[in-house]
């Protein structure tokens, strides 16, 4: 996408001021009480799935960039609660990790271009070593992200075990998945895109492949997200959108991130592990559910680990 | 409570082997599909509340013990995604914090006595600098904790603004709250106990008072939890149970923790901020709701931060 | 000091370009082979003193600002080197701490004014989340700081047990101490100023007092440092110079830091524990010695812990 | 070496009780005032060398085990000292790193066998998540390690550019190096062994090779260290002694570590960068110098980074 084409699209999708000049929650404003009642009403089987990867030293980070897998330190082990009665003991620990280590939400303040963040926040006034003074993850966490979730299983749609590494999912693909699955997107929905790419890590244990060139949404899909008034977009790959040399060297790298986070104010959920949920959806033909994916309110944070729950 | 009395109670409540010798989820096994369908069916207004405190350097930890408030480090600020097109930039960060810093779950492996953890796991074989090789928080996270939540507002029951600091909530109090609120506990419920104590921190900003002597459940309440087959117990104070010099110097310090985590396998949720939810419950007279409080699956972790969501 | 007075002094002392436009070691360039031979020749008794505080959770940081005391995590304990022969075991650990936690050097890049660092480095091009791309502590560490050290015992000079908390040490005091002690400052010397203030922490354990208003060098002493071509200035207080409300609210806060680090390129050593060394100097009348105080070469670091050694 | 042979050697070298039952400094007790005066008297040219590697994310740790390269976080950048006069600014940072990340000392408490540490300290009473309650690095730091240093250039002795990866340096090699270099070991000396292995990292940038099988001292060299009453042993490889599959799978893995740290109480210095110093020694034929290598006194630490200085 040329910068000119990108700018036209960005202008069209931009939600700045839509929910007030002070808004820091973006498209989460699409989620209202009716959305949540609808979400609860989707529950039929009572089956519960969690979509979060484990957080540990064997996580998906290859460790070659700045991000690394979590380090857990036991600070107390076998420590008596009261030395006078030493039978009763406790253990404590400390975690040291990037807020973008594994299954996680991006805060709206995570990326920007032209020096401006979502809702016209100037980056130079907002970002510092103290984090994001505005648009931090805590604003997506109060209240946290809960809505109707809809799984779009692109891997299944394409009747393949593996999408081509450079496959850019199109708007037509999204529409086709809705039709094939018999689901209609609604305002406030959180869409979960299954590419199958997470299996590079979960099944094959290949961190380098998981972090490399990978299938994902074409940047133009932002328009589809916008038209359907979705609340958030999640996927089972590293960065929701396609990651390719072309995309990273284009005039607007990570264009989908920029359109969603910076222009639309639409949170992105990454590395959601969708395989077990997808199998259940395929089995019962129901692709919508109650999704609860509350970020941890790290004040000024650029992201948050999350353990999303889908209740069908 | 004498050690002999404690031991009698512990033996009565002990769930070891109840869900198999390999079980690591304890009373979360009480949550079945019917529980979850019931939970979803409680949703009427579509109002959503989050119960988590913010995680930042101004958190509730006084810093005088081993625990401290989270430290967030920005590792990237204004970093171009591609130096060739420097307009597009990103920010990243790292968190350093105890897993027991603010609103959090205790893992079953967090405490033990007589050298044995829940389900007869030997502490010496289980606990190391790598954390809890069994009974870590990841087992409470897959799938995460979702159920019907029931708020018992003891502060309101007592028609006071502040419980006495050394007030031990009794089984009679719990029953009286159920009756006053018109709610019946059910198998698999997660009970949320409101003492008002969190206001020492949230309203008064007094970390020392919040960490000091405080009202909470009497250890004998564990029997009430057991009889109702509850899945988990949460509260708005530091440690769910009463914290008093008597309790900490008794023959079994933190007796409620020991009974719940070690004998029953019942997770404890601490520092849940219940005030806004309680106001809404008082207003509409409905004290049950869908509760979603997924721990982050930190492998081998002794706890996890959580941002609990209550959907009414 | 008014900004105008400050600027006149700064211009007079500024060493930019003196050792080349690429210089990153500032007044350490005053230390040459002759200086080091002289330093070695001061050794007479073979007595060795270390001037570093211990680094641990009981350190001098009160924890109310951004700095905190070190956190040490044992990552391995009793870990067999080879499980087949489990007798042989090892332990490992991790440290998490500010580089300015206790006895430490300030790097030249630590402070600046008017957007420019030592030797005309622009702050905006030099400082980032990756640290100081120029003027980091590693440049003071290769080779590390070794020279003749000279103790000036101002506390003893004033025949008091405690300097007034707002006492600003003057150039006359420094000259009087030299004369009273029978020592002549030489080019390349590292001067160690004893105020006695460290006893607020080491003797009285009062971290708040140690971090509060305190005696130290008047900013004008920078001129004395300059005239004597000293290599570095160290003291037993928190920040070498006097810390007072007047100083911190003046037009140029921490004026001595600014003159030394930014204009002269003169490293500052803080929280040096000089009491035992001072007692020995008073006993034998010799106030010069071989000083070895090598910073750890943390690339791009703004400071470094140090355990200075004085050999008499 | 069989366990029986090892035990015979260990018994012969064991220094327990030699400097009192409470001693925590081991062979550093060999360093007396005369040693230090001799060390100072070696200084002739005034040339100064630092032997420490830089500490940063490009350090020697391959990151495949538990150890990792240091992580530096800028916590303040461009922060005004006083918002009323914003010209004057400062920067601060935090380090997160293993105490055994690069050039470093091993504390006496770092390794043990048969459940006992140096000087008959029981490991189970000494080691915990708080570190080494006895034999921590702070005891080697007060005062820090300063003595006469003697470089033994084994690489040069063997007239080769690279020792075989499995080459075990023998006592004969050490004696031959002394003779070739015209140097006599003295009580209290710190010996620095040059193998050239550090060039795998410093020259070739091959972290895996640097951490792999490598030449070093044969365990039997501990007897030579003992007979000469040396204070400490340092080298330019990862662990001073030879690291080979045979050594690690023998009945006493890391036998030299065990003999030195646990039986003799002799500190080990690892990853000392000796190349520049060795070139100077070869040029002027003098292989002894004043060595200053003060550990940072991390209370209870199992090691410490160090930036050793050699003054000739």
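By letter and in written order, the chains are A, B, C and D; residue numbering begins at 1 in each of them.
Just so it is clear, contacts are C-beta pairs under 8 Å (C-beta built on N, C-alpha and C of every residue); 3 or more make two chains touch, one makes a residue touch a chain.
Nothing here was measured: the structure is a model prediction, and the numbers come from that model.
K.L.:
Between subunit A and subunit C, which partner chains are common?
P.N.:
Intersection of subunit A and subunit C contact lists gives B, D.
K.L.:
Show which chains lie in contact with subunit A and also with subunit D.
P.N.:
B, C
K.L.:
Pick the pair with more C-beta contacts: B-D or A-B?
P.N.:
Pair with more contacting C-beta pairs, B-D versus A-B: A-B.
K.L.:
Between copies subunit B and subunit C, are the contact residues mostly the same numbers or mostly different, with half as the line?
P.N.:
Mostly the same residues form this interface, as more than half of the numbers used are common to both chains.
K.L.:
Taking the mean of the C-alpha atoms as each chain's centre, how many Å separate subunit A from subunit B?
P.N.:
26
K.L.:
If you average the CA atoms of subunit B and of subunit D, how many Å lie between those two points?
P.N.:
47
K.L.:
So which stretches of subunit B touch two or more other chains?
P.N.:
71, 73-77, 94, 96, 128-129, in rising order.
K.L.:
Chains as vertices, touching pairs as edges: which of line, ring, star, complete or other describes this one?
P.N.:
Per interface graph, the chains form a complete graph.
K.L.:
Which residues of subunit A touch subunit B in their complex?
P.N.:
Residue positions touching the partner: 32-37, 40-41, 43-50, 52-56, 58, 66-67, 70, 72-78, 81-82, 84-85, 87-100, 109-114, 123, 127-132, 138, 141-144, 146, 248-254, 258, 290, 292, 294-303, 305-309, 311.
K.L.:
Given the complex with subunit A, which residues does subunit D contribute to the contact?
P.N.:
Subunit D reaches subunit A through residues 63, 68, 74-77, 79, 96, 128-129.
K.L.:
Can you list the residues on subunit A that touch subunit C in the complex?
P.N.:
Listed in rising order, the residues of subunit A that touch subunit C are 71, 73-75, 94, 96, 129.
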